[in-house]
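I'd like to ask some things about the structure below.
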Amino acid sequence: MVDFLFYIFATLTLGSAAMVVLSRNPVNAAMFLIVSMVGVASLFVLLSAFFLAVLQVLVYAGAVVVLFLFVVMLLDEEDKRRVSPGKLNSVASVVALVLLLLGAFSIVISPDLVVPGMAEPRTLGTTEAVGANPSEYGYHLFTTYMLPFQVAGFLLLVAMIGVILVSRKYRDDSEVPARS
Amino acid sequence: MSNEQLIVSLLVVPFLSALVIGVLLRRNHDAAAAVSLAAAGVVLLGSLYLIFGNIREEFSYEWMTFGEYTVSLGFYFNDLAALLLFVVAVVGFLIHVFSLGYMKDDPGKARYFAGLSLFMFSMMGIVFANNLIMIFIFWELVGLSSFLLINHYYHKPSAAAAAKKAFIVNRLGDFGFLIGIIWSYWHFGTLNLFDMAALVEADPDVLHVGIGLLLFCSALGKSGQIPLHVWLPDAMEGPTPVSALIHAATMVAAGIYLLCRIFFLIPPDAMVLIMWVGAATAVFGSLCAIVQTDIKKILAYSTISQLGYMVAAFGLGALVVDGDTQTAIQAGIGAAMFHLVTHGFFKALLFLGAGSVIHACHHEQNIYRMGGLRLRMPITFATFTIGFLALVGMPGLAGFFSKDAILYLAWENNRVVFLILAATALLTAFYMTRLWLTAFFGEAKTDASRDASENDWLMTGPLVVLAIFSVLAGYGFMHPAIFDGILREVPHAEGAAFAWVAGISVVVLVAGFLAAWLYYGAGAREDRLEKQYPGIHGFLASKFFFDDVYEWYVSHVQQRFASVLNFIDHIVISGVIVRGAAGLVGLLSLGTRAAHTGNLHAYVYWIFLGVVLLWLFVRGVL
Amino acid sequence: MNENLSPFKEIAASNQWSAILPEISLAVLALGLLVLEVFFPRHRRILIPRIAIGGQLVVLAAVLLFYRDGAGFLGQETFAGMLFHDQAGQAMRVFFLLSSLLVGYLATVSLAGKPVPKVEFFHILLVVTAALMLLAQSNHFVMFFIALETVTIGFYVLVSYLRYQSISLEAGLKYLILSGVSTAILLFGIALLYGIAGNPLLAGASPDPMNFGALNAFLKNHPENSLALAGMAMVIVGVGFKIAAFPFQIWVPDVYQGASTPVTAFLAVASKAAGFAVLLILVLKVFQPMEAVLVPLLSVLAALTILFGNIAALTQRNTKRLMGLSGVAHAGYLMVGVIASLYVPWAQGAVLFYLFAYLLASFAVFGVMAHLSPEDGTGDELDDYLSLAGDRPFLGAVLVIGLGSLAGIPPLAGFIGKLLIFVAAFQAGLYWLLGVALFGVVLSIYYYFGWIRSAVFRYWKTADDEAEDKQPSRERREVTPVGRWILGGLAAATVVLGFFQGPLSTWLERL
Amino acid sequence: MNIGIMDFLATSALLFAIGFFGILVRRNTLVVYMCLELMLNAVTIALVAFSRYNGTMDGNVFVFFIITVAAAEVAVGLAIIVALFRRRHTIQLPQLNLLKH
Amino acid sequence: MFESISFLIHLAVFVPILCGAVLLLAGTRLEELLARRVATAGFVVPAVAAIWLWWAFSPDPETGYAFMSDLPTGLQIIGVSLKFGLNGISLPLFVLAGVVGLAAGLYALVSGAERLRQYLSLLLVMQGGLMGIFASVDVFFFYFFHEIALIPTFVMIGIWGGRERHYAAMKMTVYLSLGALLSLVGLIALYVQSGAESFDILSMKEQLSGQTLSTVAQNYTFALLLFGFGILVSLWPFHTWAALGYGAAPTSAAMLHAGVLKKFGLYGLIQIGAPLLPQGAENWMYFLALLALGNVVIIGFVTVAQRDLKQMIGFSSVMHMGYCFLGLACLSAVGVGGAVILMFAHGLTVALLFLLGNCIYQRTDTFDMREMGGLGRNAPVLAAFFVTAMLASIGLPGPGLANFWGELTVFIGLWQYREWMVVPAVFGVVISAVYGLRAVGNIFFGEPTESFRSVAAERKISDIQSHERTPALVLLLLLILVGLWPRSLTDAIDQSVSPIYQVTVPSEEVSAAGDAGIRPVALSGEEGLPSCCAPPRPGPENEASANVLSP
C-alpha cells in the first residue's frame, strides 16, 4: 500500500513539476506548482516527517505559491512579444534535458548508494521514523541549531526590509532620474 | 728622471698638449699652436736623447686581470723603434712648423693642432708598445686622429665622406688584426712581444699561417695595401701637412713597422702572400698615379705604390731557397725599414712642397691649372725637385739606396717580383716627371698660379730641412751605430748583382723620365693621354674599379641587407609575432566579451555546463 | 523542574555567546539603527550612517584588541560544533569589518543625493557583515548555509538597491536567479554528503554528518565514494559561484555593472573573500581526503578562471565590468593559493595576505570610482577617466596605486600577495598552474595599465590629444577631508605593506 | 513498505532535473522562479529521505531552515520582479539584457 | 646592524625615494627652488655614496661581499629580509647607477619638462630602485627594486614621451613585465629548490654548494632565468620593445633605462643564475651565444638601416647587449669579467648618447638624421662630445677605452669558448663603425639639408650649454677614468668573478708558456738590447743568435 502510495505521490510530484515547466500560462504553472508541492508534502508524510509536511503545505502551497499567483495577476503580462525559441536554444535544451536525466540516473544507479556490505536494503519498513514529533524540532532548534536559528531570524528581517525597500512605490516619480 | 719615466712622459706630453688645447684653448688659436709646437719640440728633443743616447728599455705595467688573463701595457724601445721614432719626431716637428704657416688663417687652427698632438701621441704609442694589445689601442687611436684630421674641413661633404671611409676601411683591416691578436693570445698564452718571440724561437713549429695573415690584415688597412687601399687617395681631403705627416711619412708606415716588429709571428708561407700583395700594390699604385690630375692624389697613389714596395720587401725576406730563413727575413725587414725611413723624408718633402704650392695657388690642386711655378717659387721648386729625384731613385739621393736594396733583394729571391718592381720604378719616374713638368714648367694657366709667390720661412724652412734629409738619408753616416740593429740588416748588392740592379734601376729611371718628357712636354695644358687614348686613360682613371665595387657593395649589398633585416625586424618579429600574438589574444578577448550576451538563459547554461563538467570530472570521465 | 530545564542547560553549555560578541554587537547595532530611524527626527537621521560607521569602528577596535587571538576560543568549537574559531577566522573577521567600514564610507559618498533610503542600507550592511563573519568561522553545513543565505539575500537587496534604475534591478534579478540555482546545487551536494556520510551502515559514519570534522573523518575512510565525490563537486559549484570561478563567473560583469559602486565593492571584496574563507575551510578541513580528485579539479578551474578573467578583461572598456572580470582573475590566483595550501602549511596565510592586499587596492579603486561616477550610473567608461590625473591629482594617484597593486607591481602590497602565492604554488609543485598564472599576470598588466594610461597619460596633452579629447562635462564629487584620509590611507597602506609586511604577516604566519 | 532510499533519491533527482530544465528553457521570469522552487523541493525530499534512512534529525532540521530561506528568497525575488516590471514593463528574460558585453 | 659605512647604501637607496615621495606629495606647495634642491639632493646622495663605497671597497674574503647589512621587513616566512651589500660584480653597476642617475637627474632638472616636480619625483623613485637592485643581496629585493625602477618609466614615457608614446609605453611595460615575471618564477624556483629557506643569495649559494640540483631542475630553472632576464636585456629576438621604447622615452628616463636598468637581467644571470645553476647555465650557453650573435650581427645591420637617431641609439644598445651576453656565454672569469666591464662602460656611453641625442634634437627639431647635416659648424663642442660618445660606443680604444677593454676581454673569453664565434662578433665592431660614423657624418658634417637650414634660419642654434655639458662631463669623465685605469674596477670584479667562474690558463697549445724564465727581466740600456727587432734573449747564446742575423 505504502509502495503504491509512493508511486502515486512521486508521479504526482514529478508530473505536475513537468507541467510547471511545460504550461504556457504562468497561472497554470503556479497551479501545477501547488500540486507538486503537495505531492512533496505527501512524500514527507510517507517518510513520517509530518511536521515538515505540514510546514510544506503551509509555507509553500499556502504562502509562497499564493504570492506567486498574486504577482502573476498583478503584472498581468500579456505575452504578446513572445519570441519563438531559436533553433540553437531548442537543441541546447534537448541536450540539457538528456544530460540532466543522465545525471539523475547516474545518482540513482550509483553503486555506492546500494551500500557495499549492506546486509539488507534499508526500506521504509526497516527504518524508524525520525522527526515525526514537532517537539524534536524544537529541541534541536534550541540546542544544537540555536545559532543558525537566530541567524535565520535576521535573514528574515533582512528579507523583509529588502522587500519593502525594493517594491515600495515612489511617491513622487519626478525624483527618479530620467535615465532608465 | 729615469729612462722609464722619460719614455712615459714622452708619450704623455703630446697627449697633454691635445687635452689642454681641447679643453682650454679651443678658441685661442695661436696659443694652441704654440702648445702643440712646444710638445712636438719636447718630443723631438726627448726622442733624440733617447735615440742617440742609445737608451733601450723594456718594461710593463699590469693593467687589468681576470683570472689568469692579464693585460699588461708596456714599453719596448729598441733599434727598430728608435728608427721609426726618429722619423716620427723629426718629420712631426717639421710639419708642426710648416703647419704654422700653412694653417695660419684657418678657423679651425686650434682643433687642427690638437689633432696633430693627438696623432703624435698615438703614433709614439705604436712605436713604444711592447705588446699587441697596446699596439692595437694606439693603432685605433692613430686611426681616430687620422679621422679627425682628414675631417678637418668637415663642412665639405667630400671630406666627411673621406674621413668616414678611411675609418671604416681601417676598421675592416683591424677586424682581422683583432682576431689575430685574440688567436695569438690563446695560441701563445701571452701577447707580449718578448714572450712570444721566445716561444717561437724555442719551437718554430708553433707558428701558424692563419695568425700571421690575420696580423698582416692590420698592415693591409693602415698601409693601404690592395684591396684596402681605397681610403688613402680620398684621405687627401685633409689639410696637406696632415697628408704629409700621416698619410705619407708616419702612420701609413706604421703598418710596415708593425710587420717588422712582429716578423717572428709570420711564417714563411704567409710571407709569400704578403710579398705578392706588396708587389701588386706597388704596380697598381703607380698605374693609377699616371692619370691623376690632383697633385695630392698623384702623391697619394705614389705613396701606395711605395708602401707596396716596402711590403714586398718584407715579404721577399721569406723567399730564400737555401740558408737561414730568419736571416732572410731580417734582410727583408732591413730593406723595408730603410725604404720606410727614406720614403718618410722625401715623401713628406713632396707633400709639403705640394702644400706650399697649393697654399700659394689659393688651394688650387689641379696640376693642369698650375704651371710655371719654378720661377715664382724657387725654394719650393728646388726642394720639390730634390724630393722628386729622391723618389724616382736618382743615384746619390736617399731613394736610390733604399730602392736598390729592395730591388736587389728581389733580384736575388724572385725575378718576377723584380720585374714588377722595376716596372713600378719606371712608372714612378714617368708619373712624377709628368707632375713635375706640368706643375712647375711652362706658363701659368690660371690667375691663381700666376699670383703665386714663395711662402715665408715657416713653410720653406721645413722644406729645406727635409730636402737635406732626402739627400743624406741614404748614406751610412746618417745612421750611426745606434741604428745598427736594424740597418745592418739592409742587404747591399755587390759585384755583378750590383751592376745589374743599379744598372737596371738607372735605365728605368731614365726611360721613365724621357718618356714622360717626350710625351707630355713641359707645362702641358691638358692631359695628352686622355685625348689620345681615352680607353687606356679611362681604365686607369677608374682605379681598377675598386671604388665601384665597394660602392656597389655598400649600396647594393650592405644597405639592402640591412634594409631587409630591418624589415624582418619590424614586420616579422615586431609585427607578426609580437603584435600578432597580442592581436590573437585580443580576438579571444572579444570572443569572451561576446559571451556575455546579457541573456540570463545563456548564463544559466554556463552554470549548467559547469555542473556537467564537474560531474564528469568527479566521475572520472574527464 | 530540573527535568524541564535540562534542555536549557544544554543550550547554556554549548552556546558560548561571548565567542561571537563582535557579530552580536553588529547585529544589535543593525537593529538599533532601525530603532533610531523611528525615533530620530528627520533632520537628525543624517547622523545614522555615522553612528553605524562609528559603531563598526568600535567593533573593529574591539576585535583587534580582544579577538585578535580569538579571546580564548581559539582552536575550539562553539555552539555545538556550529562554529570553529581559528586564527584565519579572526583574520577574516577583521577583513569583513574593514571592508564593511569602507563600504559604509563609499555608501555615504555614492548614495548621497540618490533617492534611496540610507538607513536600511547600513542595516543590511551590518547584518551581512555579521553573517560573513559567522560564515568564515562556520564548522557545520547548516550554519554555513544559513550564514551564506543571509549574506546572499542581503546582497539581493543591496544589488537592486537603486531600484529606480533598470540596470540595478536587472542586476539584482540576474544575481538572484543565478545565485538561486547555485544554492540549489550546493544544497543538493550537501544533501548527498549528508546522506552518504550519515549512513549508519558505512564505516566511519557519523551521527552528525554535516559537521565538518565528522564529515572529514568519514571521507578519510571513503575518499573515492562516488556520491560523496558528486556531493563535493556540487558544493564546489556553490562556492565557485561565490568566488566567481570559471565557469560560474559569468554573472560577475553584469551584476557588478548594475550594482551601485559600494555594493560592487562589497561584492567584489567581501563576498569573494567569504567564498575563499569557506573554500579554504572546505578544502583543508573537509574534502582534504579527496585530494586526488579535488586538486586536479580545482587546478583546472583555477587555470580556466585566470585565463578567462584576464582575457575577457583585456578589451573591456567599462570600469566596473573590468573590475569584475579582473576580480575573476584574482579569484584564479587565490585558488592557486588554496590548492597550494593543501601542501604548504603557510600558504593559507598567503591567501589571506593576498585577500588583504586585494581589499586595500580594490577599495582604493572603488573609492575613486565612487567619487567619479555621477548619480545616473554612467561615467564608468574608461574614456571618462581621460583627464583624471590632471584634474584631480589626488584621485589619480590613489587610482594608480590601487591598480598597480591589483596588477601586482612592486612595491605595492598586491605584489607581495602574488609572490607569496607563487612561492607557495612552486613549493606545492603546481608548475603548469604557475605558468598559467604568469601568463594571466602579464595580460592583467595590459588592462590595468591601460586604465592607468587612460587616467594619467593625457596629463600632459599634445595637440592631437587635445583634438581627440571629448572633455567629460559633468559634476564630480568633491573628496571630503575624511575621504582624503581614507583613500590616502588605503593607498599608503598598500605602499607600506609592499615594503614592510611586518605585523600583518607575522599575524598570518600563525595560521 | 519496500520503498528504499533509492526511490526517494530518484524522485528527488528527477525533480531537480526538471526544475533545472525549466530554468533553462522558460523565458518568463516568474516561471523560472517557480522552477527554482522545484529544485529546492527536490533537495528537501532527498534530505528528509536521508534523515529517515540515516536515522538522524539533522536532515529534517535542515529542511526546516531551507523552507525558511526559500520563503524569504521568494519574497525578495518577487519584489525585485515587481519593481523591474514597473520600470521595464516586461518580465521576459530575453528582453532583460541591458547589461551585457 | 650596520657594518662600517654600510648605511651609505641605505642612504643611496632610500634618499632618492624619499625625495621623490616628498616632491610627489608636496606638489606645488613646495616652492620651485626648494623642489629643485630636494631633487638635486636625491640625485647627488646616491652618486656620492656610490663613489665613496667604491673608494672604501674591501670585500670580506669569505663571502666576497662588503658593507653587509640586514633589516627584517616581515617576510621572514619565506626567508626574505632587506639585505644590502656589494661585491665585485655589483659594485661597478652600483657606481654606474649612481653616476648615470646623477647625470640623468642633472639633465632632467634643467630639461624644462612640464610638471617638472612630478617628472623629477618619478625619476628619483627610479633612481632609488636602481641603486637598490645592485645593492641587494636578497634576491627578492633585487627583483623588487627592479620593478620599482621599471614602473616609473611607464609613466614617464606615457606622459613626457615622444612619438608613439602610448603604444611604446604599453608595449614596453607588458613585454618587460613578462620578462620580469619569468625571471621571478625562475628565482622562486631557485629559492624552493635550493632548500635554503631564504632568498639570501649567500645562503642559497651555501646550500647549493653542499648538494647540487639535478640537471633537469637546473635546465628548467636556468631557462626561466635566461629568457626572463633575456627579455629584460633585449636578447634577440625579444628585443623589439627596446628601440621603440627608447625612441619614445624622455631623455632622462631613456638614459637611466638603457644605461642602468637594462643591465639588471645580465647582472642577474651573472650574479645569480650562472653561479647557482652551473650545469643548467652550461647547457644553455650555446643557445644563448647563438641568440647573442643574433643581437650582434642582425641587430647590427638593423641599426645600420635606421634613420631616426634615437631609434639608432636604441638599436645600438640592443646590439651591444649581445656582447655582454657573449661574455657571459663563455662562463669563464675572462668572459664574465669582460661582460661586467662592458656593461659598465656601455651604461655610461649609451646614457651619454641619449643625452647628446636630445641636445641635437633641441637644435634640429627632428630625430631624422637625413634632415640634419652640418650641425658641427653651429655647435662644434656638441659635435666633439657626440663624436667622442659615438666612438666610445663603437668600442674605439681612446674615448671608449673602457668599452674596448670590455669588448676585448669578451672576445678573448669567447675564443676559448667557441673560436668561430669571435669572427661574427668582431665583425659587429665593423658594423658598429659603419652606423656610428654614418650618424656622426649625417648630423654634424657636410652641408646642412634644406629642412635643417630652414630650422636654422628661424633661430640661432647654440652650441652645447653648460647645463647640458655638466651631466655629459660627469659621464665622460668616469668613462675615461675607468678606461685609463681599468684596475680601479677590474680588481674588484676579478675578486668576485674568479672564484665563481672557471679560470683557464691560456695556451694549451704552447705548453712552454708561462714557465718561469721566459719572460726576461727588464734589460738595462748599457748592455744594449740585441740590436734588431728580434727580441733579446738573455745569456750568451743570445749574442750568438744575434750574429747569425747578419746577411
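Lettered A, B, C, D and E in written order, each chain numbered from 1.
By definition in this document, contacts are C-beta pairs under 8 Å (C-beta built on N, C-alpha and C of every residue); 3 or more make two chains touch, one makes a residue touch a chain.
Owing to the predicted nature of the structure, the values given are computational and were not obtained by experimental measurement.
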item: Shared chain contacts [chain B and chain C, defined touch]; value: A, D, E
item: Touching chain A and also chain D, the following chains; value: B, C
item: Pair exhibiting more inter-chain C-beta contacts, C-E or B-D; value: C-E
item: Chain of greatest Cα-centre distance to chain B; value: A
item: Farthest chain relative to chain E (centres taken as mean CA coordinates); value: A
item: Centrality ranking, top chain (CA atoms only); value: E
item: Distance between the centres, which are taken as Cα means, of chain E and chain D, whole angstrom; value: 67
item: Intercentroid distance (Cα basis), chain E paired with chain A, Å; value: 71
item: Centroid distance [mean C-alpha coordinates] between chain C and chain A, Å; value: 29
item: Distance from chain E to chain B - Cα centre to Cα centre, in angstrom; value: 33
item: Chain B: positions in contact with at least two other chains; value: 593, 596, 598, 600-601, 604-605, 608, 611, 615, 619
item: Sites on chain E at which at least two other chains make contact; value: none
item: Set of chain C residues in contact with two or more other chains; value: 142, 145-146, 149, 153, 156-157, 160, 163-166, 169, 172-174, 177, 181, 192, 199, 226, 230, 253-254
item: All touching chain pairs, where touch follows the definition stated at the start; value: A-B, A-C, A-D, B-C, B-D, B-E, C-D, C-E
item: Residues of chain D that touch chain A when the two form their complex; value: 1-11, 13-22, 24-28, 30-31, 33-35, 37-38, 41, 44-45, 48-49, 51-53, 55-58, 60-61, 63-65, 67-76, 78-83, 85-88, 90-92, 94-95
item: Residue numbers on chain B that touch chain A, as the complex places them; value: 601, 605, 608, 611-612, 615, 619
item: In the complex with chain E, residue positions of chain C that touch it; value: 346, 349, 393, 397, 400, 404, 409-411, 415-416, 419-420, 422-423, 426-427, 434-435, 438, 441-442, 445-446, 449-450, 452-453, 456-457, 459-460, 499-506, 509
item: Complex contacts: residues of chain D adjacent to chain B; value: 20, 23-25, 27, 32, 93-94, 96-101
item: Residues of chain A defined as touching chain C within the complex; value: 107, 110-113, 115, 117-119, 122, 139, 142-148, 151-152, 154-155, 157-159, 161-162, 165-166, 170, 175-180
